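Each structure below appears as C-alpha cells.
First subunit A sits with subunit B, and in the next complex the same chain sits with subunit C.
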Partner chain A sequence: MIWDWDWTLEILPDLLTQGLLVTVQATLGGAVLAFVLGLFLALLRRSRRAYISRPVGAVTEFIRSTPLLVQLFVVYYVLPDFGVSMTALTTGIIGLGVHYACYTAEVYRAGIDGVPKGQWEAAVALNLPRHWTWLSVVLPQAVRRSLPALGNYLVAIFKESPQLSVITVVDVMGLARELGSERFRYLEPVTIAGLFFLLIAIPASILIRRMERRLDH
Partner chain B sequence: MTTETQPGHDSRAESERQWMIRFDKVVKRFGDVTVLRELDFHVKPGERVTLIGPSGSGKTTILRLLMTLERVTSGTIEVDGRYLSHTRRGDRLVPADEKHLRQVRKKVGMVFQQFNLFPNMNVLRNITEAPVRALGVPRDQAEAKARELLELVELADKADKHPSRLSGGQQQRVAIARALAMEPEVLLLDEVTSALDPELVSGVQNLLRDIAQQGNLTLLCVTHEMRFARDISDRVLMFDQGQIVEEGDPEQIFTEPEHQRTREFLQAVLDA
Partner chain C sequence: MTTINPCGAELPGTLGEAMPFLCRGAVVTLQSTLGGSVIAIAIALVVGLMATSRLRSVRGVARAYMEFFRGTSVLVQLFWLFYAMPILTGYQLDKVGAGILALGLNLGAYGSEVVRGAVQAVPPGQREAAVALNFTPYQRMRYVILPQAFVAMVPPMNNLLIELLKTTSLLSVITVTDLAYQGRLLVNSGSDQLVVFALMLVIYFLFSYLITLLMRYVEGRAARVVGRERPRRRRSAPAVEGAR
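The block that comes next holds the complex of A and B.
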C-alpha cells in the first residue's frame, strides 16, 4: 500500500474544517461542563451533611468506575426510551462532561485541602462571612492550585473525544472512518486524524508543564 | 466533652465594664492533653498584657480561644461583658451559634506568627476585603482607610503589590494594618516576630509599640522577646503547664521574679 497524496489533499480540507470543528466543540463543551460541574461536586462532597456528601460520593465513584463508552451508550440509546432525546453531539458533550467532572471533582478537592489552615483562620479572625471566605479566599487559591491538573484533563478529554463517534458524532475520527469506508482505504484518513491529535496535544502538554513550573514558585 | 457550663454567681453588672477579657475556670483539653487547667484571669480595657512561658504552656491556646479558633472544654470566657462562646438560655449557658460568634468576634482582632495574608489579593485588597464583606463598608471608604493604615505601617507605596513581593517584616506590617482595619477593641498578637529574619524584627516591634502607646486598644501578646514584652506591656503573666505561676508588672517579673519556674524560664530564654 502506497500513500496516496492526491486523495490526502482531497480529504484534508473536510477533515480540517468539519471534523476538527466537531472535535473542538465536543472537547471544549465537555471540558467547560467538567470544570464547572466538578467544582460543584467537590463542594457537595465536602458538605457536613451526610445525606448530601454520601450520595454525591457514591455517584462520582460509580461514574469513575465504569467506562465512558458504556455511559455514552446508555445516555444515547437508553435515555430516549424515557423520553429524553438530544442530538448526538449534545449527548456526547454531556457524557464527556459528566464523566470527567467526577475526576475534576477530585482535583478541586485536593486543591481545596491544599489551602493552608492559616488562611481559614485569618478569615475567621477578620470575621469574614463564610461564603466570602470561600469566594474570595479559598476558591481562588484552590482553583489556581488545580489549574495544571485541569489542563491535563483538558488534553485527556480532547484525546477521548473520538469515542463519541460510536454514538454517531462525526468528529475527526468519525469522519475519517466514513471517508475510509468509501474506498475501503483507511491509511490516509486515520493517519491524518491521528496527526491532528498529536499536533494539538503535544504543544498543549508543553504549555501545561510550563504553567505547572510557574505555579510551583 | 462538657459543653454546658453553669454561669458564675457573681454580680454581672459589676463585671460589665470593669474587664475587657475575663476567663472563668477555663479548661481546654485536646484529647488526653490538658492545655489549660481551670484558668482564671482578667484584663482591663486598654490594658496591655504579655503572656510568657515555655512552649506548650497554653499561651497561644488562650489567644486562639479568644479568637474563637478553638472552643473551651469547660468554663467561660467573656469579652466586654458578653460570653464568647456561650449564650444564656434560661439559667443555663449553651454553646453559642455562628451568629453570636460573629457578634463577639467584631471586638477582637489577631495577628499571626505566619502573617496569613491572602496571597491571591494585593496588599490593599487584603486590608479592605473584611471591612467591605463583613462590615459592609463602601469600597471607596474602606480603601481610603486602608491607605491611611498603610501610611501608619510605612508601606503606602506597596498598596498594589502582592504579598509574595514583600519581605516578611513588610508582610507582618500589612497583617497588622489588616487587623486594625476592622477596628477591634482587643488585639491579639501571637508570636508576631518569631517568623521574621532578625534584622526585620525591630521594625515590626517599633510599630507595635507605637500602636500600643497611641490607642486605647487592649493588647494581649504572646512573645519570646523579653525586651519587647518589657517595652510593650503593663502586666506580664508567666505561664507553666496551663496555669499562671506568676504575674506582675514587667519590671518586677524581669528583674526580681519570685517563682522558681519564672527564674528558670527567663534564664533559659536569655541564654538562648
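The block that comes next holds the complex of A and C.
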C-alpha cells in the first residue's frame, strides 16, 4: 500500500485543530482588514482632489500588479528594520489584508458607481448633509451590491493563505510542510491539506453564487 | 553616450550587486509565465468549450475540472505535483516542469470560465444565422462564434495572465531559481533589503504592464477582425475570482 493510513490518522488531528485554527485566523484577519481598508481606499480613490486620488490609484494598481509573496517578504524582512516586531502570523495577516484591500477597493468602487443617480439627487433635494448622504443613502446600497464579490474575495483570501507558510506561519499548509519534511514524505500531509481546502472552498463558492442570484432578483 | 547595461555588474552599489542575479531570475520568471500561459490558454479553450456542450456528461467533466482546480490553492497543487505525485505514481517531474504544469492547470481552470462565459454571451441570433446558412458545427464555431467571443475574452484574460505572472513567484518555494528566489537569496546573503525588494517589485510591475500592453494590442486586432471599434475601457480590476 502506497498510502500510509496509520500516519494519516496520526497527523490528521493536528492538521485539523492546530493548523485549521491558524488558517482561520489568517483568513478572517486578512479579510476584515481587506474589507475595511478597501472601503477607505475606494473613497480616497474617488476624491475630487487629484493629489489624493492619483497616488492612491497608482499605489493600488502597483500592489495588484506585483506578487503577494514578494509583498509578504517585504513586510516580513523590512518592517523589523524599522523597529516594528510582529509575529509571523500578524505579518501575514497584514500582507494578505493590504494586498486584497487593493482588490476590494475596486469592488466597492463599482458598487458606489452602481448606485442610481436619482439617489444622489434625492439626497440633495432633501438637503441631506454630505456625510449623511454617504452614510445612510449611498454606502448601504453600494455595500449590498458589493457583497457577492466580497464573498468571492473571502474565498480567494482563504485559498491564498497557504502562502503565509513561506514566511514560517504554521497554518494547515505550514504544518503539512513541516510534517512532510520530518519524514521527507509529503504525499499524505499535502493531500490532506488539499482536500481540506476543497471541502471548504467548493461549498463556499456555491453559497456565494446563490447569494449572487438572490441579490439579482 | 555610452549605453548602460541594466543587468551589468558595473552598476554602482547594491544595483551592481543585485541586478545580474535579478535579471537571471527575471528570465526564468518570463519563461515560466510563457510556458504556464500556453498550457493555461490551451486548457481554457478546450475545457471552456466543453462547458458549453449540449451533452450533460461533457459539461459535467468540464465543471468538475474547473471546480477542482479553483477550489484549492496553487501552492498546495504545486507541492502536490512536485512532492506527492512522484510517491503515488513513481513519475518525477523536474521542478520547472511541475511548476509550469501547476500554473497551467490552475489558471486554465479560471480561463475556462472566461471562455465559457464569452461563448455563451454571443447573441443566439448569430448561431441561428449560421445554422440557416448551412454552416457545419465546426464552421459555426470557427467563423461565427469564436471570433466574436474572442473579443470579450481578451480583457479578463489579461487579468488572468497578470495573475499567472504573479503566481510564478510561488515556484521559488520548490527552488525554481526565478525572480523571487534570486531576490530572497540576495537578501539572505546580506544585500540591502529595501533596494532588492524594490527592484523585484518594479520588475514584476514592468512585466505586468508589458502583458497589459500586449493584450490591448490583441484586443484591438480582435475587435477589428469582427468589424468593431476597439472598446475604450480601463483594465478592470478583479482577477482571482472576478474573472467570470
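Going forward, the second predicted complex is superposed on the first by the 216 of 217 C-alpha atoms of A that agree within 3 Å, B and C clash if a C-alpha of one lies under 4 Å from a C-alpha of the other, contacts with A are read in each partner's own complex, and residues count from 1 in each chain.
One rule holds in what follows: a residue touches a chain if its C-beta (ideal position, glycine included) is under 8 Å from a C-beta of that chain, and two chains touch if they have at least 3 such contacts.
As the structure is a computational prediction, the values presented were derived from the model and not from experiment.
**Student:** Once both complexes are superposed via subunit A, do subunit B and subunit C end up clashing or fitting?
**Tutor:** Taken together on subunit A, subunit C would fit alongside subunit B, as the superposition shows.
**Student:** Who does A:Glu160 touch here: subunit B (first), subunit C (second), both, or neither?
**Tutor:** Second partner only, subunit C.
**Student:** Does the superposition put A:Asn152 against subunit B (first), subunit C (second), both, or neither?
**Tutor:** In the superposition, A:Asn152 touches subunit C alone.
**Student:** Please indicate which partner A:Leu69 is in contact with in the superposed arrangement: first for subunit B, second for subunit C, both, or neither.
**Tutor:** second
**Student:** Tell me which touches more residues of subunit A here: subunit C or subunit B.
**Tutor:** Partner with more touched residues of subunit A: C.
**Student:** Classify the contacts of A:Trp7 with the two partner chains as first (subunit B alone), second (subunit C alone), both, or neither.
**Tutor:** Neither partner.
**Student:** Could you give the angle made at the Cα centre of subunit A by the lines to the Cα centres of subunit B and subunit C, to the nearest 10°?
**Tutor:** Rounded to the nearest ten degrees, it is 100.
**Student:** With both complexes superposed on chain A, which partner does A:Trp134 reach: first (subunit B), second (subunit C), both or neither?
**Tutor:** A:Trp134 contacts neither subunit B nor subunit C.
**Student:** Rounded to a whole Å, what is the shortest Cα gap between subunit B and subunit C in the overlaid structures?
**Tutor:** Nearest C-alpha atoms of the two chains are 22 Å apart.
**Student:** I'd like to check the shared interface: which positions of subunit A are touched by both subunit B and subunit C across the two complexes?
**Tutor:** Subunit A residues touching both partners: none found.
**Student:** Please output the residues of subunit C touching subunit A within their complex, sorted ascending.
**Tutor:** The touching residues are 67-68, 70-73, 75-77, 79-80, 83-84, 87-88, 162, 165-170, 172-173, 180, 183-184, 187, 193-194, 197, 200-201, 204-205, 208-209, 236-242.
**Student:** In their shared complex, at which residues does subunit B touch subunit A?
**Tutor:** Residues 67-69, 98, 102, 105-106, 108-110, 112, 114, 116-121, 129-130, 133-134, 178-179, 182.
**Student:** Which subunit A residues qualify as touching subunit C in the complex?
**Tutor:** It is residues 2-3, 62, 64-71, 73-74, 77-78, 81, 103, 105-107, 149, 152-153, 155-156, 159-163, 165-166, 173, 176-177, 180, 185-187, 190-191, 193-194, 197-198, 201-202, 205 of subunit A that touch subunit C.
**Student:** Spell out the part of subunit A that touches subunit B in their complex, as residue ranges.
**Tutor:** Result: residues 116, 118-119, 121-122, 124-130, 132, 136-137, 140-141, 144 of subunit A touch subunit B.
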